[in-house]
Amino acid sequence: MSDKRPLVGIIMGSQSDWATMRHSKETLDKLMITNETLVVSAHRTPSRLTKYATGAKKNGLKVIIAGAGMAAALPGATAAITPIPVLGVPMEGKVMGGLDSILSMVQMPAGIPVGTLAVGRSGAINAAIMAASILALSDPTISRNLEKFRANQTASVIETPQN
Amino acid sequence: MSDKRPLVGIIMGSQSDWATMRHSKETLDKLMITNETLVVSAHRTPSRLTKYATGAKKNGLKVIIAGAGMAAALPGATAAITPIPVLGVPMEGKVMGGLDSILSMVQMPAGIPVGTLAVGRSGAINAAIMAASILALSDPTISRNLEKFRANQTASVIETPQN
Amino acid sequence: MSDKRPLVGIIMGSQSDWATMRHSKETLDKLMITNETLVVSAHRTPSRLTKYATGAKKNGLKVIIAGAGMAAALPGATAAITPIPVLGVPMEGKVMGGLDSILSMVQMPAGIPVGTLAVGRSGAINAAIMAASILALSDPTISRNLEKFRANQTASVIETPQN
Amino acid sequence: MSDKRPLVGIIMGSQSDWATMRHSKETLDKLMITNETLVVSAHRTPSRLTKYATGAKKNGLKVIIAGAGMAAALPGATAAITPIPVLGVPMEGKVMGGLDSILSMVQMPAGIPVGTLAVGRSGAINAAIMAASILALSDPTISRNLEKFRANQTASVIETPQN
Amino acid sequence: MSDKRPLVGIIMGSQSDWATMRHSKETLDKLMITNETLVVSAHRTPSRLTKYATGAKKNGLKVIIAGAGMAAALPGATAAITPIPVLGVPMEGKVMGGLDSILSMVQMPAGIPVGTLAVGRSGAINAAIMAASILALSDPTISRNLEKFRANQTASVIETPQN
Amino acid sequence: MSDKRPLVGIIMGSQSDWATMRHSKETLDKLMITNETLVVSAHRTPSRLTKYATGAKKNGLKVIIAGAGMAAALPGATAAITPIPVLGVPMEGKVMGGLDSILSMVQMPAGIPVGTLAVGRSGAINAAIMAASILALSDPTISRNLEKFRANQTASVIETPQN
Amino acid sequence: MSDKRPLVGIIMGSQSDWATMRHSKETLDKLMITNETLVVSAHRTPSRLTKYATGAKKNGLKVIIAGAGMAAALPGATAAITPIPVLGVPMEGKVMGGLDSILSMVQMPAGIPVGTLAVGRSGAINAAIMAASILALSDPTISRNLEKFRANQTASVIETPQN
Amino acid sequence: MSDKRPLVGIIMGSQSDWATMRHSKETLDKLMITNETLVVSAHRTPSRLTKYATGAKKNGLKVIIAGAGMAAALPGATAAITPIPVLGVPMEGKVMGGLDSILSMVQMPAGIPVGTLAVGRSGAINAAIMAASILALSDPTISRNLEKFRANQTASVIETPQN
């Protein structure tokens, strides 16, 4: 790991979101970016969220990845408190396959942004890559790791479809 | 008014929501239910919201009506703090006519409910009527006012469509 | 139970809705709120509905929770007759995951409100909690039960996601 | 007119629907089919609706056209009471252009059908034509009028688009 | 059966629709209404459709029920040719659970109506009941059968939900 | 023009579609591709459509562009008859901004394809360009015209946004 | 095969799209149209795409069929480079059953068209048939094959639905 | 300005997007963050995009904000080439109010992330604020400016709604 203290906080509204959000952790681990994970609900544990978001910057976090489903208020509630970048990962769901959580994240009113990624596993992976791209701006090691990750990814797309 | 202290708090995420939310106030006034209004944003003024919601019950509020648009987190964030009933009014909007705010309110995860009304003016009126129906359970004056309101409403539907 | 007579009526449009609506009953039972259950269809048994809704208030009911799917007319048809608060629970479904029943409930025209909760199990649980928050306004026992329920709920959110 | 008593009842949930529903009346008038109009709301005037629908068949009505918006319960509530065919006309609206009223009509559960037409003016015209096609099955005059109406309609489509 | 010649034609765009459309046939059989079934595609067998629709009236058909999925043109293409009433049954599907076929049926432009029922099995049953309600206008036997069918249906809704 | 006989037929379901579909004609004219225009409705003038589509190939048409709104059956009904390529242009509309016509065109079942372009003016322009790309495969003049058109288009995108 | 060099390129954004896109290949093979297949991602292998699309025309390709899911940029990115016709096949997906990929393809802005087919297997088959209809304009053998294919298809629709 | 060279590139697919995207520029200017603007279309000027994205990092850009409408490929195509963070701003549009551009941006497949903001003006403002939050991680001046901006924003929310 390029640093001992976590640089990225991965938070999620419910234990059930972990099956998706572990892809954020696994991708950060591959990119050798220190991270921590926490279940914290904007609705069921608002004090825990306030405490976490208030301390995020002084605890050394640079980016928060927040996964949530349904009326997915977690990333917005986090971004309302901390000035560090917040990335949102909508969960798949029953109503239009997760459109409820997409819109609850992406449609943040002017003033408090959430950078929203795709629904589910793709979004969880991409949130980690985007966190890396943000950290890479001021960390040459992460920058090199990210470039390698992207090059490997390009190289791994086999040209001929396999039956 | 049946009481001097406000029984219903009408809150909204932005000054621009007032054009819709004044219908909640006007309907409560017709029903002679004391109320107060406040602009408070879940995202831009989270501390103001925490303070308001934390004090709501001990300040004598019985119901909170919360109007918000887009990623409409206000009613859910309020209901996360106060145990009194919270009613949500989604604002009309550009994305599918307000479906973003409908889903951001109605799709609250298990544990913290928001009773969601229709988009826009209809919802603002209905939130007030629903607040009245809640207060009427233990207030005979409001109960009589509500019954009269409903009877007048029924009587006012003219049978023959007018050109 | 804090009272022998049912305070909350749980009605549903079809036997098939029971798998969802039993979560309303189980949650009310946990909160020690007396309740009764009934299958009654706005479309297939309109007389049964008229009779039930007409008698609801004088039979001592304080809140009605109505679950229905597709063109989910049940909560609106109930609220058209009784002045007590009606909460709606949309069923999951095939067309956009239940958006048909969400919109059939939430989009009530001005005059007759339905407080709409989330689709499916989450909504069924939340309807019960919302009924509790309404009853708690004038019943200190229910108020204490609800505060305990919410505190337990907050405490039960484990911080570390479990594999 | 082929008969003095109204054969078709045109009902609508609100005075504001008349701007759309008058197209049903105008089309029936062109087809020389007797009709009557009534504002009756499933939610605000449920007794008026019960009375109207209960008496529809014995009053000689053969078809009911019901226009309504938002959570458009009117045609379904009518079809729940009367065995004569009920046609539904969804109103244009803010949420996805009237998708709320389309789904509230078309998604009737098994047992009580509503034949749903298009949103707005097109649907209002088509409800009248469909009523004519139903009446034409046992009324040769209406059958001839309908055939002429369709032939004129075909002839009136000019081949060359006009600037 | 009340008549030897088929009164209702049940057509469908593909063999795969039969699993749904057999519910139309079974319901018509219960109501003792003669019927016939045919696979005919607006897109793959347009001549077969033209021939069937052109002959429908003189062959004694009174109503056509048309089931189709995706860009569900079958009922509209039928109604373009025959003046007898056409009822449409959208098939469940992948895109938003069949919203593509709902909209392809219900949104018929002014001039050629299709009375559209719900998606899938509910719609197939309801199309048969609606056909019965149309035929009942001039056939006392069908009228009695339909009244009995509706009464049985009402009686069969058991009041207490069963675990 | 590279040929005297029309190579492309631009058809539309209604005179009201011309405001959009004239963009197809204007774009074909710029590309110097001969074309003809016709109002023909799949629903109101099915015989005219059958005649036009049946004769299309032997009359020298190479591509048909079909614009239609709502339950937009025109391109599919055309493609059901003629083996030449059919391109569909959905009209803007009230229900979700034209999603009804998009889905009625794009969701053609296997066997009869319609190449669907964007809603409204963009789609009308693009249908003409796509027709050009098809004709260019065997017509060097059209190929040169298309290459020039694309080059001009690229060159016309000014780098600095203008206030 | 009517030619040794591939006339149609079937490209797809991911190996996982092959299960759908092989239906394009199988249909082209049935129509005896030479083709080639390639996995190439607009996002993960942009250089591969630029190279392929730049060389497409001079390598003798006449049509490109591009299948992609989610934010399905592949067909548009291809059409931005090559002047030959590009057909798009949206993949089924979680968000509204693939509506994300439909809209990402069909809603191409004016200037660069993509002819979009249906979601999934139906679209993959239809893209091949549409490619055949394009090639048939200048290749009598393909024209004959296509006419036979369509005739067989019509003949294979059995009239009586099979249990 | 805290730096002479542009730190943020604001790109847009069309001149018509400038009315929205100027809010990104105005917000960056308020935050005293150097920036540059460019019209570049993924579809009409792919070479310009490739050149811009390829040079972005070595030209000193830290973040790219990309606004686009309809099938909004611009941010994804940019992120496919450059490793620096890319933020997407969907344009309002006709189809479901811009849902086409939301989904075309947010639903990026795993590997190449785009942080997507809200539709239209709110999203344009938020993209600038998010860029500031990213730059603030390693630039104390921007960090102070951002904190002040957020504090002013909170202070500017007046409590009492104004008529």
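A few remarks follow.
Order of writing sets the chain letters: A, B, C, D, E, F, G and H. Residues in each chain are counted from 1.
The criterion applied here is as follows: contacts are C-beta pairs under 8 Å (C-beta built on N, C-alpha and C of every residue); 3 or more make two chains touch, one makes a residue touch a chain.
These numbers come from a predicted model, not from an experiment.
Note on connectivity: the fewest steps through touching chains from chain B to chain G is 2. Looking at the partners of chain C and chain H together, the chains they share are A, B.
More than half of the contact pairs at B-D come back, by residue number, in C-E, the repeat among A-B, C-E or A-H.
Across the two candidate interfaces, A-B and C-E, the one carrying more C-beta contacts is A-B. Fitting chain B to chain F on C-alpha positions gives a rotation angle of 180 degrees, to the nearest 5. Between chain B and chain H, the centres computed from C-alpha atoms are 35 Å apart. Chain F has its Cα centroid 44 Å from the Cα centroid of chain A.
Chain D and chain H have CA centres that are 49 Å apart.
Multi-chain contact residues, meaning those touching two or more other chains, occur in chain A at positions 14, 41, 44, 70-71, 93, 95-97, 99, 102-103, 106-109, 111-112, 118-119, 122, 153. Applying the touch definition to every pair of chains gives A-B, A-C, A-G, A-H, B-C, B-D, B-H, C-D, C-E, D-E, D-F, E-F, E-G, F-G, F-H, G-H.
Chain D makes touch with chain E in their complex at residues 62, 83-85, 87, 102, 106-119, 121-122, 125-127, 129-130, 133-138, 143, 146-147, 150, 153.
Touching chain D in their complex are the following residues of chain F: 12, 14-15, 17-18, 21-22, 37-41, 44-45, 47-48, 70-71, 93-97. Partner chain F is touched in their complex by these residues of chain E: 13-14, 41-44, 46, 50, 69-71, 73, 76-77, 79-81, 93, 95, 99-101, 103-109, 111-112.
Partner chain G is touched in their complex by these residues of chain A: 92, 96-99, 102, 118-120, 122, 153-154, 157-163.
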